[in-house]
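One structure follows; several queries about it will come next.
The first chain written gets the first letter, and so on, giving A, B, C and D; residue counts start at 1 in each chain.
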Amino acid sequence: MNNISYEIEKLQRKNIVEGQVVEKSDYPSFHKCFGPVMAVVQFFALLPINGVLSDSEDFLEFRWKSIRVIYAMLFLFCGTVESCLGTRRLLRLGFNIHFAEGLLFFITAMVKSFLMFRLGKNWKKIIRFWRKCEDVFLRAPYRSHSNLKLKIQLTFGILFVFAIVEHIFFLATSIQDNHLQLTECTPKSPIFWENFLARYRPHLLHHFPYTPFELPLYEWINVLQAFSWNFSDTFIILLAIGISERFNQLNNRFQNALKHHDLMTASLFRDLRMHYVQLVNLVQFIDSKISILVLLSMAHNFLIIILKIFNAFKPNRINALGDVYFWSYIIFLIGRTLGVLFSVSMINESARQTLNFIRCVPSKFWTLDLKRLQDTIEVESDTLTFSGKKFFFITKRLILAMASTIVTFELVLLDEVNATEEHLCSLIDY
Amino acid sequence: MNNISYEIEKLQRKNIVEGQVVEKSDYPSFHKCFGPVMAVVQFFALLPINGVLSDSEDFLEFRWKSIRVIYAMLFLFCGTVESCLGTRRLLRLGFNIHFAEGLLFFITAMVKSFLMFRLGKNWKKIIRFWRKCEDVFLRAPYRSHSNLKLKIQLTFGILFVFAIVEHIFFLATSIQDNHLQLTECTPKSPIFWENFLARYRPHLLHHFPYTPFELPLYEWINVLQAFSWNFSDTFIILLAIGISERFNQLNNRFQNALKHHDLMTASLFRDLRMHYVQLVNLVQFIDSKISILVLLSMAHNFLIIILKIFNAFKPNRINALGDVYFWSYIIFLIGRTLGVLFSVSMINESARQTLNFIRCVPSKFWTLDLKRLQDTIEVESDTLTFSGKKFFFITKRLILAMASTIVTFELVLLDEVNATEEHLCSLIDY
Amino acid sequence: MNNISYEIEKLQRKNIVEGQVVEKSDYPSFHKCFGPVMAVVQFFALLPINGVLSDSEDFLEFRWKSIRVIYAMLFLFCGTVESCLGTRRLLRLGFNIHFAEGLLFFITAMVKSFLMFRLGKNWKKIIRFWRKCEDVFLRAPYRSHSNLKLKIQLTFGILFVFAIVEHIFFLATSIQDNHLQLTECTPKSPIFWENFLARYRPHLLHHFPYTPFELPLYEWINVLQAFSWNFSDTFIILLAIGISERFNQLNNRFQNALKHHDLMTASLFRDLRMHYVQLVNLVQFIDSKISILVLLSMAHNFLIIILKIFNAFKPNRINALGDVYFWSYIIFLIGRTLGVLFSVSMINESARQTLNFIRCVPSKFWTLDLKRLQDTIEVESDTLTFSGKKFFFITKRLILAMASTIVTFELVLLDEVNATEEHLCSLIDY
Amino acid sequence: MNNISYEIEKLQRKNIVEGQVVEKSDYPSFHKCFGPVMAVVQFFALLPINGVLSDSEDFLEFRWKSIRVIYAMLFLFCGTVESCLGTRRLLRLGFNIHFAEGLLFFITAMVKSFLMFRLGKNWKKIIRFWRKCEDVFLRAPYRSHSNLKLKIQLTFGILFVFAIVEHIFFLATSIQDNHLQLTECTPKSPIFWENFLARYRPHLLHHFPYTPFELPLYEWINVLQAFSWNFSDTFIILLAIGISERFNQLNNRFQNALKHHDLMTASLFRDLRMHYVQLVNLVQFIDSKISILVLLSMAHNFLIIILKIFNAFKPNRINALGDVYFWSYIIFLIGRTLGVLFSVSMINESARQTLNFIRCVPSKFWTLDLKRLQDTIEVESDTLTFSGKKFFFITKRLILAMASTIVTFELVLLDEVNATEEHLCSLIDY
């Protein structure tokens, strides 16, 4: 299978290159829009590749010895070591729901980082394929009504700010819980930060005795993990926005042609079909590259949403700050998950919209290309979107299915809720 | 997306206008049938627009300074204030299932009123698009076998009467409960109507001390809220009836042609396809305008049905009148919800029926238009209906899916039923 | 809608009649095969129409004054009176699960009898339409490899015997329970048969004081109700067998043609398509006549299966005979339900099989009719079967869906099982 | 139905034979790849047929009097006798969950062995049909990029080793449990192996008094049962690999043609369509032969997975070895089930991939064959795979559906988990 799909890619790239001379573009390519985002996330050790701010994707270059790659690999090494120590502790001391949830977060974050590293390594190939497919959309006769660059960078900016706020909230509640334990319960160590580490990084403290110098290192790893965990959703959203935009441009051109009978020529419809097929190939190519990330991301979000809502039925939060953090965390998590679902299903919605225009073409202008275009859309109507390794395809209908599954699971779990109010320290001392 | 769909509308309107001279119509347009209904609902502050009883939709006019708009805005203002005060009380005093259910009703009713107001504002645009699409169906060669005007107004009338009866029942049980509390339990105030307000409008009594003159104002708001909540379902039903009728007319003409071989010409099939496509455009256009209302309405009905059936398992109703009200409320609610589901899915059924006629056309009369018409129906066969923001499409299969979800939820919740008989006053004193 | 579908029928009948001279048939028509079955069931007051054993469906005649109709109406009258008295008792004395289950059985049986009576009234119309659609299949070039007459009558015979055995079992356990109560618990009357009636027909005993002469009348009503309840499933199975047979014949002819290139002419494919469309029309026509019966029958079976399996978890059967009756009842019920599901889904399987032959036609013989036939099958592939009022379509996939729903419901209900062993008399004294 | 499908097979075979002269093949046929596997499994009394290692499938021969058949029938006889004695014991002594689970395993294994025996009997017919369908793929212009022989034999080898390890684990834990009971609880017999038999084969010990010579016989039966139970999954996986390979070859050739415009001729597309249809026929033919095995295998795996995960929630394993066995058993079982699901759904994935190439064919090369090929794939897109008697079709989406059903069932069953720690002997003494 793998070498087949690789061959398809090669073939598709070949087909597209032939007979096209690259001209000056009127609108920024996806590479130009997404480059600045990459420049930022490289500070968080993701997508390490040189030349992200260059004008052309030809200047992208992955070098093992570049500072970005070394920085990313350092993080991967430290994070992996930490996850392994954590797993070892879990196996040694037995299952503990609180520690297990944290460990799952570490491991998911590290796997996502590895996937992002691999994407960085292949990014040049990916973005060149993208450029070939989108090239025709960057100049007349296609037009762009929305500012793709602004849309991508604004979306990134907003989600970035939310992620930072969420992390600060997390730190604040952690410090407050630690303070509470020191003053009112039985701390593991009288030193504030040592106790802090004993609570959140017992597996590290077990091997590396406490020194104050470790703290920044641990916080650095933690920030990068949190960012990696957050950014994979944002990344999927941004790619989806980039692809929907092209389908919208194609729809715009089609719709424009419908107003002027002299524009409806066989060659127009041949072009539209060819460009549509290119976009379909683009969606399938990108899906083949990121669907494992989509699967992991959706599965983890799904699991955490169920766990958190289940916890929400329990009356055991420690204080107001913890409560606010808890609810804002749930809302942000659900919001981000919905963001992924909506933006990706928008690819599908945009792609299917073309059917409406085909329907409106008078029969006297009908051509084989229109028929084939219609068949293509019809055949792919449920699958023209990102998928979780083809186990599920993200469309609008999936959102309802997921919501109803979550409600069912919560109702079934309702029986297990133990409503007894627990003592403060039993909540803090772990 | 939004400006694309706006462009489609413009385009579709344009296409339809060209090459059609408006002639005298043999059957009433939807505007003519629906106008009297609008005249009635404007007394309830919905769909405020002038000229609803005029002969032509060209006389419709939305004026900010008209009495209807001012009346509607006054209601929106009062209702919103009340909902905000209620929300404030809920947040201040903590969650209370009884008060929360009432508040959810207020808020849903107000959101529906806002949506209806917006629909009123856009009504001229909507109804003109409708007229363009349905214009060909108002005269020969199309015929109408059913009296659309009667059907719409009768449906409205019946549901209107039910809604009034339901509200009177509600008032009667409220007054009786209030009376019971005054005589047998601990009332909040010895004055009958002050206690009444303390029970049903505590959030208002908190800010505006009791005077008898407030009662009519509160009742006015309440009646309008109840009507708004009811009418949104009726509204969807009436629109669905109006559209199904046109598909039925098209089917009638097709079927009639099948009986006479000399009628089966290429031009007939071209017309049928064009008119069918117009109806598809109409369904999609109306859906884009009302699907948020459909989503809200179905979600709220779904939730209330589950809650009420869950309550039905509990043995705690206060007296016979309360029991009768409770059951008639459930039956009316389920009936209305089924009414929406059936009438909307009838659009889909009627639209798919055309396939049966296409199948019966002998191959010697086969044309490209028939092929394209068949493809259109096939592609849209699941989606040619109103939708809840495209999360779900209302077809007959959805009804079974909803019913089975409700049964599953109830069975799962069965464990939570607490069958202990509670004391009368614990049921009344809230 | 209704008059449209009536018009379709008329139209379809018309189309078929034209250009066909009725010739001698080589194989028995469905009327000939099914007639003897009808002759038997008329003893049970179902499908009352004269001439069921005649050679041609033209001799069928529904006369209000015929002995069969009067007999059937007498039963309908008696049964309805009994059901009304039972309902009255239930409303008067309050809900009782045991009595309610029995009453539901009475009511379902009576509704089924009414539906069967109406089918009897329309039977001539139905069977004539059937004959028109199947006429071409009764002679060369179509061949029949299976003996339809034998298949239908054997199926009926086997299910008939099972139903009788089941009823005898029911009587035996009833008598034994009655005997047990008389000897070991507190009977309602010392007279054996009066106590019997007090147990099983309390609503009748309340109005008509006990005389031994009532017993045969009550037993007659009960036997007819039980038969009506059983036969509706058998009826659906037999109709489904009759239709599948025709699709199989069409498939046989198609397959035969594929072996001889000189048989593959445009006219053959035109004929095959026309005959296929006739069968599609037949399925839709029959479905429109019986789908309410299908819906009622499947819903009742589904409910009873869930209830009975739920009861099976309880350890409370009275004795070995009761145990054997209980299990044989469940097995027979599930078997009959599966019988309906399998035989009806066989229509769908047979109809879709034609696609395999179309695929094998070499492209040089390809014609418009083959293309249209393929489109027809594809479009109808999920719906070419009997339906429950179009809420669900009976295909093989539905069987799995139903099974999984039953398992889910049972697992959810498992919590409610009360495993305490109850005293014998608490099980008998009702 | 049956003789129709038989006729199809005959017809399809005929079509394929005509016009093809068998030439020398460049790649091994499926028979050549699968033969050595058969040679091994015949030691375990499965698929008994002579000539499995021969070069051509023409040398295959099923002889009732051959040693393999007699060996297999001997096993079938012994295994069936044992299952019958076990069933008799269950009915006599009443239901016992532990014994029932074991008995279900015996019965499933024996039914699978019977199905395998029947497959062996028909193997020549099956493998000849396979050869006819795959013949064109064994030489140019088709090429093979993967080593089918290695893939099949390696897959078999790995699963074979796992099965042996699993059985050794099973024996080790059985012996240890037996030892524990002898030393710490109340054994049924002081003799080690007699007690062993009393624990695991009480139904045999009841009829055949203990002698040490029985042990090898019982172990022989048990090994063969375990192997039969395991191998049915492996068998499905290997067949699926064999078919996917052919679709991949076809895709390779198509893709290769897309690179060279002069290769895209009408005759190429006619060939591709014909070969594709042959593969579709192959999938349907093999499915008709093994779908009962698929249904049985998936149903049993599904049931056991649910039971085992349910047991995993209970804290009652006896010792570390039991724990390791328990978890490795679950993991191996889930792994094997996923192996079946993935390899079979790969058929579907490969078959649908062809659509991507069709889409890329420029319109000027478009032919009727391409259109028909596209229609074929579209129509069969959900069903072109192995099925469980058409109740379900194994595609990637099914995997998610199964997983979500398992999770739902486990969550519902969570209530039933009885977490009390039981005494050691209450776990061992059965």
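Keep this in mind: a contact is a pair of C-beta atoms (placed from the backbone, for glycine too) under 8 Å apart; a residue touches a chain by one contact, two chains touch by 3 or more.
Everything numeric in this text was worked out from a predicted model, so none of it was measured.
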item: Path length in the contact graph (chain B to chain D, fewest steps); value: 2
item: If a chain touches chain B and chain C alike, it appears here; value: none
item: Interface composition of copies chain A and chain D: same or different, split at half; value: different
item: Farthest-lying chain, centroid of Cα atoms versus that of chain C; value: A
item: Rounded Å distance between chain A and chain C, as computed from the means of their C-alpha atoms; value: 53
item: Euclidean distance of C-alpha centroids - chain A vs chain B, Å; value: 38
item: Shared-contact residues (touching 2 or more other chains) in chain D; value: 378, 408, 412, 415
item: Pairwise chain contacts under the document criterion; value: A-B, A-D, B-C, C-D
item: Chain D to chain A touching residues, read off their complex; value: 145, 248, 251-252, 255, 258-259, 346, 349-350, 353, 355-357, 359-360, 363, 366, 374, 378, 381, 396-397, 399-400, 404, 407-408, 411-412, 414-415
item: Chain A - residues contacting chain D, complex; value: 1, 3-4, 7-8, 11-12, 14-15, 270, 273, 277, 280-281, 284, 368-369, 372, 375-376, 378-379, 389-392, 405, 408-409, 412-413, 415-416
